[in-house]
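For reference, the structures are reproduced in the following blocks.
Next come two complexes, and both contain chain A; in the first it sits with chain B, in the second with chain C.
Moving on, here comes the complex of A and B:
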């Protein structure tokens, strides 16, 4: 797909920005874009998320299929790698926590290179680094947005804001940025890296589809409109909060005088929310339900029976010996349990 | 469902987090945004240095710019051309905004004034130009006398904690 996919995704994002621009500027449909769209997006997001996860839950995982990256627990004198090859629930928990919080599998990313006709593999940490920066800054930005959705505002939001604006960068060349929030800039920068990576590296560009480009471009435009609103094309913040508080208290009406940029931002966020359950963004709940990560590698220690197997009539050795013990003793065959005295 | 118990538990926890704003504000009636109090006394002081809409969104940048200019470049005053919509006598009031003579217009200026001064607009006379001291305490708070009823109204609502009052002293709140 490659580049055409990018063009399609970019065109889609532009259209998504023009819709609220026309709708609010020309038709003044503030209630539609400020109230109806957010509610619809939230409803689709939550319902879609639940339905998709429950659907996943209905898929059987009859066997233990963890991908292991270290020595399995075996003989006591062989050193085991309990995190990369977990054998019980506790070590699985550690493995999952490291995967979700630190993106451990991305850390193993390697790059291949040809040098003087030979293939070389080397560690490639940039993707891991920027993915981590992207996800965490996005989280911080999301949590900081709670200041629009809560009253009273919980303490951690204020704490995050203070930490985020800790450097108080307000001097050259940022004289137009009073109280610069780092997370917004990191989000924009990291998302741009992830985007440029798909543009610049030919192999990655080749395998990039429209549905890889689209969420990335959508998030970049969400961050960009947010940053623009905060520093350059300002909107009336208290009017914005009046609207957002109305939404969370189910009494929303769009107040007058919020700039059109706000509605573009909200429309893009609404698109992201509604698109979420149908897209690759479902890796968020998906990572918790990855059987290659969340299962203990205990196939040799514990017997796992396929849950929908029909009941198999078995006749194991113990039962066999029970049945034929007398004949076996008569024939001179060894038995585990000797014939009882006076049984004959 | 396989492992239904675990998956449902996870879903419930996730939904609890995702719907946090909805239950945190539960039972709360939606309130209109707070409006900073502008008293008759304030109105009598004349127009603000910028239109209201501009002040709502960019006052923090103006103050930040003022601070940098005063503290770093010692440019304590700026001259402003009074727009046509403002009556010259409205500008020439006591307190923050005062008419300055032409000589003072050589002071660093921002915004439209600069263009008008350099273009030699004949309409620019003493009555239309104003000098503003770039000062939170000596300019802004002269008209907006109450931090509690003016600044804090929106700042508390939007969880903004400006560093102004780390150094400046807020005017004494008058007893109601």
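Moving on, here comes the complex of A and C:
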């Protein structure tokens, strides 16, 4: 789809911001946007996620097909690469942990440089770096949001906030901003990088679909509205907490005067949640089930069972000898049935 | 069509257009980049559906009237049977990390050869036919309906993927395009749309036991020709064994190696090696194929061909099976055989009768790779070797895709080479071991009419060989794969004409000091050894 997909995605995000703007500002539908939308989004998210993962789980893994990225275990004097070519569940666990926590495969990334029929390979760690920054800052931002859903606020959330806020306090030229959080900025920056590379790198632009641009734009706008609320266009934070605590205690009421920006933020988050199970964002649970990564390469040592192993028609030796017996005997090859019996 | 000169093929544009999407790109089935349609007789012989004559360049592929339902039901069925397929349809984020990892993309610049787009060819139909969003929003979410154009695109591009799995090394979710291609080819086979370079070997293998269709007496004769060559060049008479009951070990290797240069020298190498160590083994004319082109057809067809290995081992009453040098053969043995046709309880855990080593890693499948076996022999000092006979060779090693990425056999062949050759050089990082490049003709794409695509697809491999040739004077490309031995010589001829292709066991045999042998004046190819090598030998 390439570049035109971007236009569609961008238009969709604008519409998604206008809906709560009009709804809250003009029609004062605060209960709908503050209570109904979050509940509906969470319900769709959870149900969709569970249904999708169950569907995956229902398809068996007929063959043991790990991609081996290192030396196999053969003889004791040859050093095995137990992480990239795991042979038991423990080493699979290490491989998976590195994959999920450190994006190990992406770390391998190389960039091809093609000059006059010569292929050169350079290191290419930017995608890995920004993908990692994106996911971890997103995680920190999510965890920080626990302060809206807990009372008292758990110590680790406060600790995280302190760490997160520590680095950027008083950094020029933002000295006038209160308690700057690193994670929000990193999230915004990393998401923007991931977005820009889809425009700038010709091959990635070419493969990008509307549903590649859309979640990135959505997240960028979620982060941006969040940052705006925190630093520039303040909303009534006490009223927000009243609402969010109401949501977790199933006693939600939208208080007066929170500010429309909050509802835009929430609507975008709701969209992201509801969109998640039907989209490529399912890569998050998917990686856990990936058969090329989560299986040990031990299928020569331990038999892997295929639950639907089909019965097939083979060409057995008898049929073979039946056809070639005469020629075999002539050539001095041993046969199971002597020629006299086999011949017509 | 003659393949253009290397200078022409070296010009590749990797920049896709700005505004036109890949779905709008017309499909061009270009001569030199597609394989001939399957001979309907071959398709019919093994009972695969809808055998019919058709021409890939024609408008009408003579599909059955309900072809669309056949394919869609086939997809539905496979989504339920293979988690890999279902998952890989759902989780790609199109990050593009795989894009420049494919040798066919590097060599052709055709964006639909980027692994991500190759998979999108199928994924777009999955979304368009099986998901709500795809049905509602179609193009917006990269979804489309199954049409004849789509089907032709599948055929063209799934037979322009060698299932090498290089992209899956780099994918952050382990999405393996080989799995997608395997599924795509299974679906095409439901309509009889195989290529002949796969379909006819499959039929041959089913009937005669090997891809080439060598009948038992011919197989034996060919081996005897090679034994005569050994007698001439080495001076040792070797007694061959075929279909011998009660042998300890059954040896199975691809039939390509008994048939064509330079594979035959590896075949000679096997016979010399086994004679040298006095191995109690047999060949089989029934299980006379290590490779498995069924793997490139459907998982059922793979199982049907593979079944002969265990069946023959059982009939002959051997203890275990030793397998020769081959690429995809070893992916099938390592990742599929025991699951499909096991458990092979009638065999014993493989134990080298020479060294006593028990191959624990193969205790269930009961099949050991010749490089593992040879490395163990060398490690225990059981081979009498004179590596200086290979001194005129400057050797590099090409990791075959499947032993590298579907097994992880990286060090064993290197250990063997380093013990039989004095000059070994690695190709650059990023082109070897798990990141090795395909020869350009794997997964059944070694057809003559496919020459242009093979030269393009093999370019990254050849480029790395050229690099070590220029830097270290490398003149020999060693490999452990019969398909490589067929595809790499023309590739080298085209891109790096000074480099010859050898099998690892050929190198072993040339260095092997056999009991009662002649003074070696030539190698197994009958090529005279350089004088200084002979001098050293005379001193011994």
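Quick note on the criterion: the second predicted complex is superposed on the first by the 300 of 344 C-alpha atoms of A that agree within 3 Å, B and C clash if a C-alpha of one lies under 4 Å from a C-alpha of the other, contacts with A are read in each partner's own complex, and residues count from 1 in each chain.
In this section, a contact is a pair of C-beta atoms (placed from the backbone, for glycine too) under 8 Å apart; a residue touches a chain by one contact, two chains touch by 3 or more.
Predicted, not measured: the structure shown is a model, and the values here were computed from it.
Peer 1: Going by the contact rule set out at the top, does A:157 touch chain B (first), chain C (second), both, or neither?
Peer 2: The answer is first: A:157 touches chain B but not chain C.
Peer 1: Under the stated touch criterion, which partner chain does A:251 make contact with: chain B (first), chain C (second), both, or neither?
Peer 2: first
Peer 1: May I ask you to decide whether A:291 touches chain B, chain C, both, or neither, giving the answer as first, second, both or neither?
Peer 2: A:291: touches chain C, not chain B.
Peer 1: Looking at A:119 after the superposition, I want to know if it touches chain B, chain C, both of them or none. Which is it: first, second, both, neither?
Peer 2: The second partner, chain C, only.
Peer 1: Comparing chain B against chain C, which has contacts with more of the residues in chain A?
Peer 2: Touching more residues of chain A than the other partner does is C.
Peer 1: Look at A:234 in the shared chain and tell me whether it touches chain B only, chain C only, both, or neither; answer first, second, both or neither.
Peer 2: After superposing on A, A:234 lies in contact with chain B but is clear of chain C.
Peer 1: Touching A:53 in the superposition: chain B (first), chain C (second), both, neither?
Peer 2: The answer is first: A:53 touches chain B but not chain C.
Peer 1: On the A-aligned overlay, A:149 touches which partner chain: chain B = first, chain C = second, or both, or neither?
Peer 2: It touches chain B, and chain C stays clear.
Peer 1: Once the complexes are superposed, what residues of chain A are shared between the chain B interface and the chain C interface?
Peer 2: Of chain A, residues 56-61, 289 contact chain B in one complex and chain C in the other.
Peer 1: State the interface residues of chain A toward chain B in the complex, per the touch definition above.
Peer 2: Per the touch definition, chain A meets chain B at residues 46, 49-50, 53-54, 56-61, 146-147, 149-151, 153-154, 157-158, 161-162, 168, 170-171, 175-176, 178-179, 234-239, 241-242, 245-246, 248-249, 251-252, 255, 257, 285, 288-289, 307.
Peer 1: Which bits of chain A are touching chain C when the two form their complex?
Peer 2: 1-5, 8, 52, 55-65, 67-75, 77-79, 81, 84-85, 87, 99, 103, 105-106, 108-112, 114, 116-119, 121, 127, 131, 201-212, 278, 280, 282-283, 286-287, 289-293, 297-306, 308-310, 312-317, 320-321, 323-324, 327-328, 330-334, 336
Peer 1: Which stretch or stretches of chain B touch chain A in the complex?
Peer 2: It comes out as residues 1-4, 7-8, 10-11, 14-15, 18-22, 24-25, 28-34, 53, 56-58, 60-61, 63-65, 68, 154, 157-159, 161, 163.
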